[in-house]
Amino acid sequence: MIPEEFEYKRAATLDEAISLMQSSGGEGKFLAGGHSLIPLMKLRLSEPGVLIDISRIPQINGITDQNGKVQVGAATTHAEVVSSDLIRRVCPVVAECAAEIGDPQVRNRGTMGGSLAHSDPSADYPAVMVALDAEIHLKGPGGWRAVKAGDFFQGMFTVDMAEDEIIAGIQLPPAQHAAYVKLHQRASHYAIVGIAAVLEMDGRTCTSARIGITGASTHAQRLTNVEAALAGKELTQANIDAAAAIADAGLEDVNSDIHASEAYRRAMVKVFTRRAIERAASR
Amino acid sequence: MANKVPITLKVNGAERSAEVQPRTLLVHFLREDLGLTGTHIGCDTTQCGACTILVDGKSAKSCTLFAVQADGADITTIEGVASDGDLHPVQEGFWEEHGLQCGYCTPGMIMSAIHLLNENKSPSEQEIREGISGNFCRCTGYQHIVNAIKYAANKG
Amino acid sequence: MEVSGDHKFAAPRAAVWAALLDPRALQASIPGCEKFEEVAPQSYDLVIKVGIAAIKGTYAGNVTVTDPVDGESYRLVVDGRGKPGSVQGAATLTLIDDAGGTLVKYLGDVKAQGAIARLGSRLLGGAAKLMIGQFMKAMEKQVEARS
Amino acid sequence: MAIITPKMIGERVKRREDPRLIQGRATYVDDIKIAGMLHLAFRRSDIAHGIIKSIDVSAAQAMPGVELVITGAELKEFLPPMPIGTPFPSPDHYSVAVDRVRYQGEPVAVVVAADRYLARDAADAIEIEYEPLPAVIDPERAMTGEPAIVHEAFANNLAVPYVPGGTGFDPVAGTVDNTAVDKAFAEADFVLSQRMLNQRLAPTAMEPRGVVAHYEPGKEHLTIWSSTQNPHILKTFVAALTGTPDNQVRAIAPEVGGGFGCKINIYGEDYVAAALSKKLGKPLKWIEDRSEAFQATIHGRDILAYVDIAGKNDGRVTGLKIKLIADIGAYNMILTAAIPTLTMLMLNGTYDIPAIRAELTEVFTNKMPTDAYRGAGRPEGAYFVERAMDMVARHLNMDPAEVKRKNFIKADQFPFATQMGAVYDSGDYEKTLDLALKNAKWEELKAERDRMRADGRIVGIGLSFYVEVCGLGPSASLPTGGWEYSSVTVERSGKITATTGASPHGQGNETTFSQMLSDQFGIPMGDITILHGDTGVVKQGIGTFGSRSQAVGGTALLKAGEKVKDKMARFAAALLNPNEETDTSNMVFAEGRISFKDAPGQSVGFSDVAAYAYVPVPLPAGMEPGLSDQAFFEPANNTYPYGAHIAMLEIDRETGEPRLLKMLAVDDAGTIINPLIVEGQLHGGLAQGIGQAMIEEVVYDEDGQLITGSFMDYAIPRATDFPWFELDKTVTPTPVNPLGAKGVGEAGTLGSTPCIVNAAVDALSPFGVKHIDMMLRPEKLWRIINEGATG
């Protein structure tokens, strides 16, 4: 399979990337690891006229500590996330999630920013970002903008981001009582359902919870009803079960395909919500 | 036709320069332009791993990289693994333990195994299986491949 | 693949009905519509530039309105062809008075052929819904502009 | 044939093929480059069924670098329909569709361009209009002629309307006497009935198909390189179809990256490449994309069975009725129609069932044709029989091992003529079963399962026993010829060059054949070269399929070797004993020397004899110079290897995900030349069988669109999907060939598949389950757990 022809530009800075995008006449696409984009291009499902390679912009590479939060450059690979001591210490759930993406080679090339910008309905990261309430830092012609992950994912492949905006980095808040679990699709290993749970705990009591879901519907979102059911509750098995039991209630447009029907997906949403909460609570 | 782009990269220790169409996949560049046909193509969707090479020391699927993206990179293919005629321990392991049959997936599998052992000197059976989970083999059932990588780990 | 949903318009039924059949409003509302040419009454050849994030491509096709029941419903038959294959869809749009506005309900079926079906089926339903949503939102503006 | 003292035979010798493969130095078809070579791309049908209304190639033709764009209608003028290798009536099947497309992915037009990128661009620029027809997807509905007819000459879509077989069937008269079968069912204590589907699979050899064709005008010679299991058949068919004399065609199978049956076929792309190379006088290359492979390389299996099994309450099975419906897709390929007949042939399984009635119908649908896929018809048979036997055990609440034992063909009954017309060569099934049960600690395993169940886990164990027909086969059973060919030359230096028509693609024949010749001639393996895969070098051959390369090809090799050895013995005798006529029948070839058996001290060097044979001064009376000969070997019968497989499987109660906890096999493949290679073959077979049971399935939607069109949706097993396989063996040589080897390449796909489904049924039996169709989709299992058994 062979992609269509395109022009290739490499940006050295964010500003250059943005101006290259602006001058592409709507034909441009940013390229970081390319592991979402290139397969689509090879199948000719995507035919951008200009690829703007942003992978070497120094500003968007690297993982740093920022006053107790972790700043991840958008071009950071999944493998770098998996092996980052800082992430494993501050918000290990992100490393746990990254380790579930694709396979070793894909993790060596695929990037966090690319995955978030692409917003594939079955991608792993978005669930964790939503649950963490991570902040996505965008730069555009008008300057900087920060968007909360919960607001960022709007629909299938659709995010709160203009064509000429670029994800520069992602800020991850600390989270210890957190977990990501997924039901693998056995061919692609995408998430049929992926659930991230981030809990605030006071002893055995959950003071607040954020639950993110991917795979089940058009885009990653929060399961606010589950969050409400957990808030202020002691994390007994009965309370966890009760919260998980309503996990799919608010979901609309649940996906259905040969691997999993809507009914099965809905059931799995409950199962994996419970598993994610149990695991998060045990940490 | 889109303009060709000059690239310079290091392949198996030697510097190589070329002008390529931006859409040229790295695997095609290695195979067609450089004649390094040991890297194979087994799928279109970044699953099978037959095209695995090392880019700056890390395993990557060369069918999901444009050659232009590899400009400036240090690349190792299966042809660059043995040194001075001595097989790499992973290659030796594949031979000793019958880690291959038709051999088509083998170069990619070996590259993944090398990456795995670079990151983890003595992987468990499960870690080996996970380390090669991005590489499909239709012939062996993987058991002899696991043995091959264990062999190399014990040697290295 | 079945696609269904609805969209609430703040305008009266007659106004929505008129807009939904107006070639200019249609042209302005179809996402990425680059060419729109009437080839027969209520039948239009068009070129659409699809741009759903990474999924970008040009599709040529036809939209035909059939079985109109004045002010109440019609059937929209769509087909499009691009490099990775083709997409056919047919949907019935029904207009219902709804608390001073109009509810447009749609129920249809989307089929794909070629690489789109083979490789993109997991995305097809979502993409169709997304484009319908964009269409309805744009149409809302058209209805507003006409009133 | 002289007895060979095994020295290398039976050893775990590491492979001679490997150094080139592990260093990336092997040459697969896509690695071949010829100056001036152009590239082909195929434009394929996006729809499953329709009439081609128009094809506009003008835009494609105008693109830079495009040499030729050609449609099926134009190709038809000089490329006839493709031949098949079975005697069944068959509709015309052109390499490129002429006026109608019958499956999604069928070629419609061809582009020849300067490189593969341009060829793809141009193929995409071809405009095709179709008048769609209803897609025929469900084979049972298709048999009523609904919703459409795939080929006008085949009423109700019946490719093969009715083939009977079994007890009371007279193949000569064509009559069927049901008396015995009816009686068995009438007198039975129980009859169990089940519909079972052996689902459609994609072979997915890791190397997709590919071809390079090079016609040299002036020389009028065509060389064709193709990723094929049988270059000689390729040569014969390509010569015939392109109107080139077969002595002017050379076919080469370079390194072949797996076949599993799908590379037995000669495909349209091969013919088109050859014909267009001839037309243009230029070398052409076509390499298949994986996406194309899913659409347009043969699929495997897809046989539906209605099974009725009758028996007595003591566990004896007294009758079996099986109605087979094979969904063969849109056309007959080379062996398509014959594959389900192999399913029929093996319906006795390993059991002495007194009365069997089998019926087979083959149906055209708008899907990719099916053909041989690892096991080719026999896994289907083993699956249906083993599932049925397991149902009997479950019905009677008996240990499945006991039911098998009760019904086994006994060791003293061999050779055993089955109800289905096969003659099983040799076997001791109980011995193999006993070893498997012992290795698995069967009673403990059952107890362990029960303990796990008591903990709330959903766990099952499965047992299966299979027999397959291998070493294909006498020419009566193979229209291409059922023999194999080999030549052996002792070179002037004393080194050996041998050729074989059994062209391998991962089987390691270079190694095993060297082992055999090493023992036969008493020289080191390193002094032996095995050539294969090139019809310019190997004069004749059939090919590698049906687990035949060792049993048939290996025997041809030894036969050729024997002829050369006899002659060499006479030269040796002339050197040792120049003045006497001596008996050379018992000369000993060992350690690189040749001697009389009675006078081992008196010997002559192997290489000295070789040198003498080529400069024979004096030339012994009645002898020709040189040491080279050839042999064809046609077995009198097939071989029937068998084995027992045991699996333990757990199903996640909440998600339905199955996980294989244990996989154990004891196989009997007769004599083993190289245990290392045999283990590899068994592992690979197990992996594919487990893949079928658990994760693989080709899915078309109701419009005939292939939904599993990539590895994104068609799963093949990864390393993480398996437990450690535990293998063991019994050795019961076959009398059919002097080696005693039966064949091993397909074994794993026969036993493991029913074994795993038996385990899954066992696991879910508390939920009332009696049968589950493959694959074990988690959602399907989850529904059973949550909603109970259905149907």
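Letters A, B, C and D name the chains as they come in the text, with residue numbers starting at 1 for each one.
FYI, a contact is a pair of C-beta atoms (placed from the backbone, for glycine too) under 8 Å apart; a residue touches a chain by one contact, two chains touch by 3 or more.
Keep in mind it's a predicted model, so treat the numbers as computed, not measured.
**Student:** Centre to centre, using CA atoms, which chain is the farthest one from chain D?
**Tutor:** If we average the C-alpha coordinates per chain, C ends up farthest from chain D.
**Student:** Does A-D or B-D have more contacting C-beta pairs?
**Tutor:** Looking at contacts between chains, B-D has the larger number.
**Student:** Return the distance between the CA-based centres of chain A and chain D, expressed in whole Å.
**Tutor:** Result: the chain centres lie 44 Å from each other.
**Student:** Just the number, please: Cα centre separation of chain B and chain C in whole Å.
**Tutor:** Chain B and chain C have C-alpha centres separated by 47 Å.
**Student:** Could you tell me the distance, in whole angstrom, between the mean C-alpha positions of chain A and chain B?
**Tutor:** 28
**Student:** Give the residues of chain B touching no fewer than two other chains, as numbers and ranges.
**Tutor:** Touching at least two other chains: 1, 21, 23, 44-45, 47, 130, 133, 135.
**Student:** Would you give the residues of chain C that are in contact with at least 2 other chains, written as numbers and ranges?
**Tutor:** 83, 115, 119, 121-122
**Student:** Using the touch rule from the top of the page, what residues of chain D touch 2 or more other chains?
**Tutor:** 117, 124, 289-291, 707, 710-713
**Student:** In their shared complex, at which residues does chain C touch chain D?
**Tutor:** Its residues touching chain D are 83, 85-86, 111-115, 117-119, 121-122.
**Student:** Contact residues on chain D for chain C in the complex?
**Tutor:** 46-47, 104, 124, 291, 294-295, 701, 703, 705-707, 709-710, 712-713
**Student:** Which residues of chain C touch chain A in the complex?
**Tutor:** Touching chain A from chain C are residues 51-58, 83-84, 115-116, 119-123, 125-127, 129-130, 133.
**Student:** In their complex, what parts of chain A are in touch with chain C?
**Tutor:** Per the stated touch rule, the residues are 4, 26, 29, 36-37, 40, 43-48, 117-119, 121-122, 155-159, 218, 253, 255-257.
**Student:** Any idea which chain D residues touch chain A in the complex?
**Tutor:** 116-117, 120-121, 124, 289-291, 654-655, 657, 695, 699, 707-708, 711-715, 777-779, 782-783, 786
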